[in-house]
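In what follows, structures are represented as structure tokens.
Two complexes follow with subunit A in common, the first pairing it with subunit B and the second with subunit C.
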Partner chain A sequence: MKQGTRVMVVDDESIVCERLMKHLTGEGFEVETFTDSAQAIERLDSGPAFEVVVTDLKMKGPTGLDVMHHVSGNSPGTQVIIITGYASIEAAREAEYTGVFDFINKPFKLETMAALVKKAAKKAGKDRRFKGGGGA
Partner chain B sequence: MPEEFEQSSAIAIAKEAEAIQAQHDLLKRPRLSLRTRITMVFVLIFVLLGIITIAAVLFISEVETKQQFLEKVGNYAFEIQQARRYEKNYFLYGSNLADALANVHMADNYLKRNGDEVKAVVGNRRYESMKLDLNRYQALLQKLLQEPPGDTPEKRRIEVELRQSGTQILHDAQEAMDEERTTMRSMLSTYMVTAISFLIFMFFVMAYIAGFLVRSMIRPLGRFMKYAARIGAGDYTPITPTRKYRDEFSNLAMAINKMLSELVTRQEQLMQSRKMAAVGTLTSGIAHELNNPLNNIGLTVEALTDGFDDYPDDEKLRMLEQVYSQVERASATVKNLLDFTRKEQPAFAPLSVKEIVETTARLAGNELKLAGIELDMDVAEGLPLIKGNARSLQQVFLNLFLNAIHAMPDGGELIIRAEAQDDGFVRIDVGDTGQGIPAENIDKVFDPFFTTKDPGKGTGLGLSVSHSTIEKHGGRITVASEVGKGTRFSVYLPTDGKG
Partner chain C sequence: MAFWKQLLRDRGRTRGVEGLKTRLSSFQDLVAKNNRVLELFADAGEKLGGEYVFDIQYLHGLARSLEEEVRGVVQDLEALTGRRNKDLRAAVERVSSEIGAVIDSRVVAPKADYVIDLDAVDADLAEVVGMKMARLGEIRNHLGLRVPDGFVVTTYACRQVLDHAGVTLEMEEAFGGDPSPDPDRLKAVAAALAGRLEDARIPAGVARAIRTGMSRLGRNTRCRKVAVRSSALGEDGDLSFAGKYRTVLGVTAAELTAAYRQVISSLYTHEVMRYRMDRGAHPGRGLMAVGCLCMVRAKAAGVLYTLDPSRVDEKVVVVSAVRGLGKAVVEGVSVADRFVVARDAPYDVLSRDTVVKDQMTVTAREGGLKRIPVPEAQRSEPALSEGELRELVSGAMRIERYMKCAQDIEWAVDTDGRLYFLQARPLRLSPTIEVRQPDLSGVVNRYKVLMRDRGEVACRGIASGRVHIVENDDALGDLPEDAVLVARTSSPRLASAMSRIQAVITDVGTATGHLAAIAREFRVPAIVDTRCATDLLAEGMEVTVDAEENRVYEGRVDELVHSQLLRRSAFEDAAEYRLLRGILGKAAPLNLKDPQSSSFTASNCATYHDIIRYAHEKAVEELSSGRRMNPSRNGRFVRRLELGIPLDLVMIDLGGGFRKRDKGRSVGPGDLTSKPLCALLDGLMTEGVWATGPADMDLDGFMSSATRAAPLSNPLAARVEHNLAIVSESYLNLSLHLGYHFNIVDAHLTDRRDENYIYFRFAGGVTEMARRARRATLLKRILVANDFVVEGRQDLVIGRIKKVPTDVMKNRLRIIGRLVGFTRQLDIHLRDDDALERCVNGFLEGRNSPLDCTGAS
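Right, the complex of A and B next:
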């Protein structure tokens, strides 16, 4: 089921990108990482769609929110996981994050993140509106 | 943060002690209220006017007495003259002497009736001799009446004596009148001189009173205006006595001091609540600044633990180096935090503001050039020395300069001004022509971890550290800003003499 499941990771912390790239690839996902959120948005606008997008919330340049808006505008089936700082998670929950699959706190474990991505990918695969097909 | 709180409560206690001391000093002085003083002045004027009025009344009654005396002596002299006319007629035409006697009798009555007054003017001896003369004249007339008609040697002797006596009596009366007129004239001129002198005297009294009113009202008002300006500028030192006596202005001073201590308390409360808000900002700041490196460390350690054998040795080494660099990143945040809350006092020495500002400007010179910013520096000559720690003040100014430079990414002007103030402070302005700070953020610029810079570009600690450094120097730092026009930070540092 994981074959061909594309995951995008956006975080300006390069170590996060590096670890997630390695771990999620190890779990069988096709992973693309971006430390520059502007480039990630560009990629979302031009290239093939992702099943799952994992993005940090607080970043230099466009924020995780901006990234999410591009996703929901371009590919409605894509599931978004947002990484938040400890203090902002409550505020983030209250804000209008409709269409967010889930939030995850920093610091998080690779294992937890992998499980969350798997769940998100499953939901994306079931979603009929997902235009990329591919799943299940 | 608890240390910060302790420090601020210590300041509050010091301020309170200052206020109590000022209150004590204000009350210690003898009380002489404005009401008492004004009453005293008016009583003095009333007494002076009373004295001059009573003197005038006494004088006028004296003049009247003299006038009456002159009238009476005039009448007396008239009767004598009449008597002498009849006496002359008797000798010339042999007419009746009884009329002359009647006149003399009336003159005698005048003299007796007004004896006391005449005595008071001419003296007892002369009065007696006047009376004797008149009696002698009367006796001579009566003697003449008893003489038989016709010319006798005795009659001729009496005639000579009568003439002498009559002349003497008239002469005496005339003399008394002349003397009295002279006294009256001299009294009138004394009165005129006194009146003019009193006018001049009153002029000086009034000038003194005018001066007194200025001293006790206008001048304190001016002083209180200065106090108001000083308090407006944020100096909450209580008002201390400047004059010898306590009055209504002292009550005003005490009321203002009470208001000041209330203000200080309120400000403390405000500071406290702002600090609590700052603690909130601080917490989320720490969370953000520490969470990222912790997350990086956690992920890397987890990757290594789970798949230790999956990685080649050089990859493991690289990952461990990453862990180490993230530990350093976290510890730098902690160190900044400690710098912010550190309480220890650096050594203070007399310093030249000009030197500090100029050396700091030189440090920022390269940044200025790179950002294409003009430096407009005007530090007044002969500024008084300030008391402080050169290194920490340089850090403050460098921070202000760099902030100003960062606020002008498209170039502009860095404006530095320094001048001495009247209240024992030197004021240093650091201004830029940059984007300015929006009104909603202006109160937060000194809060720790508050920053508008992109993540990773500023910790948000610079200005709060500067703020606490300047406070430790006994000074203060304020900010004024207009969006689109620029921002100006003003640092006030106490001069060396002020302590």
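Right, the complex of A and C next:
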């Protein structure tokens, strides 16, 4: 069975998770969403790796940067997109330092996010759908 | 003249000019903030389209930004007028607090009578009577379809009842800071609140109003029993609450207060509170209006869907019908006849599935309902005749067109064969239904495209109807329901028709303008600034407006229209979307549409849109009045303009208006750098405009003038005086006394079209009444033909145009220049209506003197 590109979405606002789940799934991605960032980090430690992680920056519990650091330390090939509704320059710099793929400001267009995830997936070298590749 | 001599003498003193500069700066700030508010509306409206993801932080940010900008607008107006405007400040506080209540999910009942007759109900009263009754009011009062007589006990009455019973307090205490308690706790709270309400006494004032309402209903109709129906805030609107609130049928006057209490108690059933909580609303915060509608002696009743929810692409209407009252169909507990009917006239019945109906529900003589056997002969007969079906579907399609989405309708036919609509709400469709069918591109290729990518889409959506070109406000009252309104300008006055039209297309306007905001509020597809709609689209032509792709097709593209009916999708039910709609509902509607109306006051501003509209209007008025623009001191910025015609024009430069030569008090046209003044003078100085030849005076015209003014031998010979232009590079405020005409032009001309406007006012001019009327007509017709929004009283004509591109602005200023010169010698030529016609047509054809138009010697 073909395996799609796996995308993790982490945002404590359930509407963001729901809408990204629906849209990105429609675009052919395998999507898992988490409104609890601690659970997202647990998931990163278990189960198959994600090609792309989309995470909100400011959340209750571990922040988007915590998620990002966890990804950098444990899954270097994974690309991280950070959603931010705040002009948090320091946080952005820190994220850049550790290698964020890109930032996106809330509110954002679903199609903009989908385009960004596709780019990130290409960079992750795992986007079989666009490279015309086969299984895992 | 002494004033102006003094003005010119007092060079070097710049206080007055500096004051003007400050005021102009305030005005420019006001316009910029006004535009930002409209952009925020537009931006937020776009977020409702479903393509964006946003969260509660965005909503807080939006509310903050709106409040900040609107407060700024009020402060700028105050700086401009030099007066504190308490009423306007209070309006800002009011709207801000209402928006705060939306974000906190607090429900607010506007102050209203306890009881309102259904005859007086429409969509504007949605917060007072609930959405369900508001829709019924629209169907009855605007569509003219038959709805039972009745009255509504308002949300304000409900608030009194809840407060009086101590329910509000107990509910807030019970939830404290936790609006998402566990299920057991929620059940316990629900039971306690419902119990408290059932035991409570209805406050005397509310009970009296209900009794009075019922006895009035009994007097005016022969109604003795009513259906008592819930109409809660939010019900059938953002959330359906379908079947969750109580309805009591067959209620007598004696039982009414108890039935009312029963119905409002259903605010606090566990099921309702859970439903609210699951959809992100506060479980306990609800308010309910209650409709009391005459019972219909139904021989048949049921439910109609304007689309089949299980097969939406089949484009059919589905009708379920039983004998007697429709309660059993609504509750889904009885078998019913099922009819499938075509959505288009003549509404052919496509299939019939008639069942045997042994029993029916009727109103019991003593009150309440009872089940009785259906007469033997009728049991296997269809509950509705073909004629009744057609009438029902025809009415339902009118409702769908009016409401702009597929409908779920309850109806009844009485024993005399009269059809009644009992309820209409948006049909809930499965969230998995796609908005646009993938093969539509192939379909639309078969239709002729009349307009493609012309102008800007101001509100997305698709609609079909017949073109109705509106040239003046009078035509707005007679618009048919399927009108696609086509107009030259995006005047906010078109707003009054917005709830009744299918789509709007204008030649001029912007997506951030007032009209665009109103179109979004009503979800009316809108394309503005096409520059050509009034030329390309003919009156009565059937068109389909696709404001998703910015196209207008010839004919009805049924597939596109059909896809639009399914537009409402699951994301719109999410709490964030409901809150955003709620915020925009408090901020964006425009109620103050007519500056000449006595209700155009600061204290009547009910929304942010009203506030900025009012402030903008008053600011323009303030600048144009000249009352505060007369400097008390002149400065080195004052020069006389030498034009070679007897136009004694003094200019005050606020910055960049003209190049100053070191010597002399005059400058020539070559020194002017004020763009609006240059454009206007370009028109005024066009060859033939400033005619100085002898006028063709007739005795009537002369005598009439002579009797109304100081002695003069020839009005044209009167030296023009007291003319003042306050200018900057982009601004012009011009006061011109020419003969006995007084013109004011206030204009702002920049590369930023949203800041551009022209305000032109023409007043005075002695001549007989008939000529004055002809003159006003001439001015109005010429201005309208050039896209101005025009209003006027007697001698006074005011034309406005705004938010047009720079090249159009320049052209319109040139026309104003020509018009100023043209009208200067106009009165004596307007002998009769024929001369009026010739002058209007001549001017529009490019002739510059009334003499050339009338051909008089």
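The rule is simple: the second predicted complex is superposed on the first by the 113 of 136 C-alpha atoms of A that agree within 3 Å, B and C clash if a C-alpha of one lies under 4 Å from a C-alpha of the other, contacts with A are read in each partner's own complex, and residues count from 1 in each chain.
What we mean here is this: a contact is a pair of C-beta atoms (placed from the backbone, for glycine too) under 8 Å apart; a residue touches a chain by one contact, two chains touch by 3 or more.
Nothing here was measured: the structure is a model prediction, and the numbers come from that model.
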> Between subunit B (first) and subunit C (second), which, if any, makes contact with A:108: first, second, both or neither?
Replying inline: both
> Taking the superposition as given, does A:4 touch the first partner, subunit B, the second, subunit C, both, or neither?
Replying inline: neither
> Does subunit B (first) or subunit C (second) touch A:99, or do both, or does neither?
Replying inline: neither
>> Just checking: does A:15 make contact with subunit B only, subunit C only, both, or neither of them? Give me first, second, both or neither.
In response: both
>> If you tally the residues of subunit A touched by each partner, is the higher count for subunit B or for subunit C?
In response: B
> Once the shared chain is lined up, is A:60 touching subunit B (first), subunit C (second), both, or neither of them?
Replying inline: first
>> Just to be sure I follow: which residues of subunit A are touched by subunit B in one complex and then by subunit C in the other one?
In response: 13, 15-16, 19-20, 85, 106-111
>> For a test of understanding, state which residues of subunit B touch subunit A in their complex under the given definition.
In response: 283-284, 287-288, 291-292, 294-300, 302-303, 306-307, 322, 326, 454-456
> Of all residues in subunit A, which touch subunit B in the complex?
Replying inline: 12-13, 15-16, 19-20, 22-23, 26, 58-61, 85-88, 106-111
> Considering the complex alone, what residue numbers of subunit C touch subunit A?
Replying inline: 47, 51-58, 61, 571, 574-576
> Hey, which residues of subunit A end up touching subunit C in the complex?
Replying inline: 11, 13, 15-16, 18-20, 85, 106-111, 113
